[in-house]
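Here it is: the structure, laid out below.
As written, the chains take the letters A, B, C and D, and residue 1 is the first residue of each chain.
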Amino acid sequence: MRDAWHTAITQIQPNSVRVRGYDIAELMGAVSFGAAVYLILRGELPDEPTARLMDAILVSSIDHGATPPSVLAARTVASTGASLSQSVAAGISSINRWHGGAIQDCDKQLGRIIERAEREGASLEKAAAAELAEMKQRRERMSGFGHRVHTSDPRTTRLFALAEQAGKVGRFVEAAHAVERAFAQSGRALPINVDGAIGAILADLGFEPGVMNGLFMIARTPGLIAHVVEEQARQKPMRTIDPTNHAYDGPGERSLGS
Amino acid sequence: MRDAWHTAITQIQPNSVRVRGYDIAELMGAVSFGAAVYLILRGELPDEPTARLMDAILVSSIDHGATPPSVLAARTVASTGASLSQSVAAGISSINRWHGGAIQDCDKQLGRIIERAEREGASLEKAAAAELAEMKQRRERMSGFGHRVHTSDPRTTRLFALAEQAGKVGRFVEAAHAVERAFAQSGRALPINVDGAIGAILADLGFEPGVMNGLFMIARTPGLIAHVVEEQARQKPMRTIDPTNHAYDGPGERSLGS
Amino acid sequence: MRDAWHTAITQIQPNSVRVRGYDIAELMGAVSFGAAVYLILRGELPDEPTARLMDAILVSSIDHGATPPSVLAARTVASTGASLSQSVAAGISSINRWHGGAIQDCDKQLGRIIERAEREGASLEKAAAAELAEMKQRRERMSGFGHRVHTSDPRTTRLFALAEQAGKVGRFVEAAHAVERAFAQSGRALPINVDGAIGAILADLGFEPGVMNGLFMIARTPGLIAHVVEEQARQKPMRTIDPTNHAYDGPGERSLGS
Amino acid sequence: MRDAWHTAITQIQPNSVRVRGYDIAELMGAVSFGAAVYLILRGELPDEPTARLMDAILVSSIDHGATPPSVLAARTVASTGASLSQSVAAGISSINRWHGGAIQDCDKQLGRIIERAEREGASLEKAAAAELAEMKQRRERMSGFGHRVHTSDPRTTRLFALAEQAGKVGRFVEAAHAVERAFAQSGRALPINVDGAIGAILADLGFEPGVMNGLFMIARTPGLIAHVVEEQARQKPMRTIDPTNHAYDGPGERSLGS
């Protein structure tokens, strides 16, 4: 008989399911889903403000309307009569290097700036300017800065504020701000976007780059499900899905206070 | 030019992303991910105890070790050198009628019991017994009751307690308990399992059956990611994955209080 | 130790791979891929004209340009930086009830006409007219007849000619022609399309409906690969893919004789 | 209005479908599926012996029993109640760097040997020995040589014979034989396997490495479909699929002559 192989994620015993050592029944009602996501991916429970930050990161990426390729792929597959899971899987399959991937690309680029600052005993700002100059020569783009639609994304501001409250602002978030200032000094207003902010914050929280796209998948799955369910309910099978020419007809603007 | 098509989920405008009318930046840090999932799928924000219940439902299904087919499919695809999203998509593709599907099957069967009780002016218990007798003749199984591993699943007890606290116990949860009693009276101890409890609670919350498997996908995605990342980190490519002969080597038992 | 489970498809032994009993090395160079597809799905090798018919069926569906949802899904996923297999899998996932599904739907509907003719001792033409009248009342569509683009599809004519040559024209192809005549008599020119022809011919060859969509997957996979490779080579990542506004810029018209 | 984008694969006009310039209706019955695959991927029709070689390549990889990860993934997904296309897509998703990937890895490694021979004016045998020695130091494996099960694979012999007949043996096949001899001289009998042979032959035919895994997908799709259909017909949902403990119970050994 072959030797057993090992897993360190979840222990199943009769009447007991323990994730990373914690009884799921005890976690239920006691911690948010964001905290449980942190636990299963990192191995430890986060403190309370970090848990709130995790939930905020997931909420920030829950949906971005009908134009992202993950939604178009999911709706296209759904329009052929596919099941919910088959349609959602096609959406998940669209989360790759170019879609969602800015999170981990930005993280790697910020990592290089931090290393350079340490190696050269320079400020993050100088290191950022030097790195951007070299990237320009190699015709590389800095990931996580600038956005097709948003010039000043309120989600970014909110994420940085929550990271600050959680006491989790570290070298990566600092490096992100240094890049923003370096862009400004070279005459380009290229603000950090939501992907860049998430990449920097997750890195400061200690997440590995290889898992960051996974957080984007977790966050976006409810949005994909909502789009597939809407496609099934409101649209005819095999329709031609125009990727840009659509309009919002949902509830009007409202706020938590109201 | 073709007419625009419509979507009622998310409104994208420069520097504004609104889900079902709410500014995402305002939701971030103010509501949990469970609440945001409820919002995007139902169109309205839940009250505070319902939000906590939603988070608990998602936490309850975040992982169930290495044996479920979704994990085996995800690990098998990962072992061929696939990307994270490709592996996770294979896992999601395993969530169907037989895996995760008990949630919505149970919901439909409970619905028939509730209808019968109303139609015949009978108690839920009588209706349950009559329905079970007919199902036995048709050789149908009641979904959401009994479990391969767990005889008394603490997750189920916890879910019902939280539903009670949220004031959301309705006809479906009552019908589930009536089925449990009907089984006991016929001499079979077949307790509600976690899928059955989730199906009943989601129905009492007003979720449509067609979307229930979607909640299971949302809940299980972090578990799938943890398994794929572990497979990539700890195992050799193209290994033979034994579906049962594996052991847990993660952190020992611990609790929130400690 | 668990009992072995069984498979009747391929036997692997050292230095021997046998599909349905035949040594693959002997099949190679001796039979076409169409014949091997018939063998693996039906369990027996086809005769020579049937093998040629199988190849013709696969060739007929190898591609239909850039508008079908399977191609749009595959290209959309490819544009996010996905691997070839991830993109092709998204395309395959689009082959369902509404895309490719006409083949097996048509087959079932023709089956009902054949049964009715037998039951009522009527001609296929009378049975077809009666069935179409009932379907009209139930607001059902006859699958496999009419086409968005083609009014007289040369692929259909060719398929029927090859089926005739193979001596494989049976009740299903006859029923398909009876439906065509019944439509004509009711004043509608609704010719059999390529899906309808394939469905009828495969049924006369003895294929089960559940496997017909599979033949469409086999046929279309090379087309999906060609589209994904072209997307990767000619297009920028994350482009907006217009589902209709594209033009052909490949080789001009040419023929085998030239 | 946005500019049209372009595709060079298939031209759709009313009553005409042309692949790379050829009318599909003319190709049907005139060329094999292998020839059509060559046409759609390379842009030109192959000559007759090359067409036969293409069919042989596809036939050689149509199935390899129940143990490859693509089959296990497809059967696992099928066992959850997934549709045929969802199950097949999971199988396709398993064709990556480590499964099927030897074809293109081998191709790249042979390419380096050919380059070295040219650069150094050495024989392929000397270049192969030098390259293998360097790879050994870097602890790299030569892809496409040796096999878990087969020591002398009859499919490989057959492929080389058909390539010879087609007059398509070039530098890559020569390099593959040179590697085999270099292994033998260093005391290791590590014969070319079927993946290595396909990689060398496809390279001599002029296929790009990026598309070689695609040919494996085309070849294997019928096998995946046969396994999924068998799983649906013979097995219970949600069974535990033992990846190794299974036995063949199909037709006994037979040959074309009999």
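Throughout what follows, contacts are C-beta pairs under 8 Å (C-beta built on N, C-alpha and C of every residue); 3 or more make two chains touch, one makes a residue touch a chain.
Everything quoted here is computed from the prediction, not taken from an experiment.
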Chain pair showing more contacts of the two, B-C and A-C: A-C
Chain at maximum distance from subunit D, centres defined as averaged CA atoms: B
Distance from subunit C to subunit B - Cα centre to Cα centre, in angstrom: 37
Separation of subunit A from subunit C, taking each centre as the mean of its C-alpha atoms, in whole Å: 41
Residue list for subunit B, restricted to those that touch at least two other chains: 1, 67, 82-83, 85-86, 89-90, 93-96, 240-242
Complex interface listing, subunit B residues touching subunit D: 1, 67, 69-70, 72-73, 76-77, 79-82, 86-87, 89-90, 93-99, 101, 237-238, 240-244
Residue numbers on subunit D that touch subunit A, as the complex places them: 82-83, 85-86, 89
Complex interface listing, subunit B residues touching subunit A: 1-34, 36-37, 40-41, 43, 45, 52-53, 55-56, 58-60, 62-67, 83-86, 88-90, 92-96, 149-155, 157-159, 161-162, 210-211, 213-214, 217-219, 221-223, 225-230, 232, 234-235, 239-242, 245-256
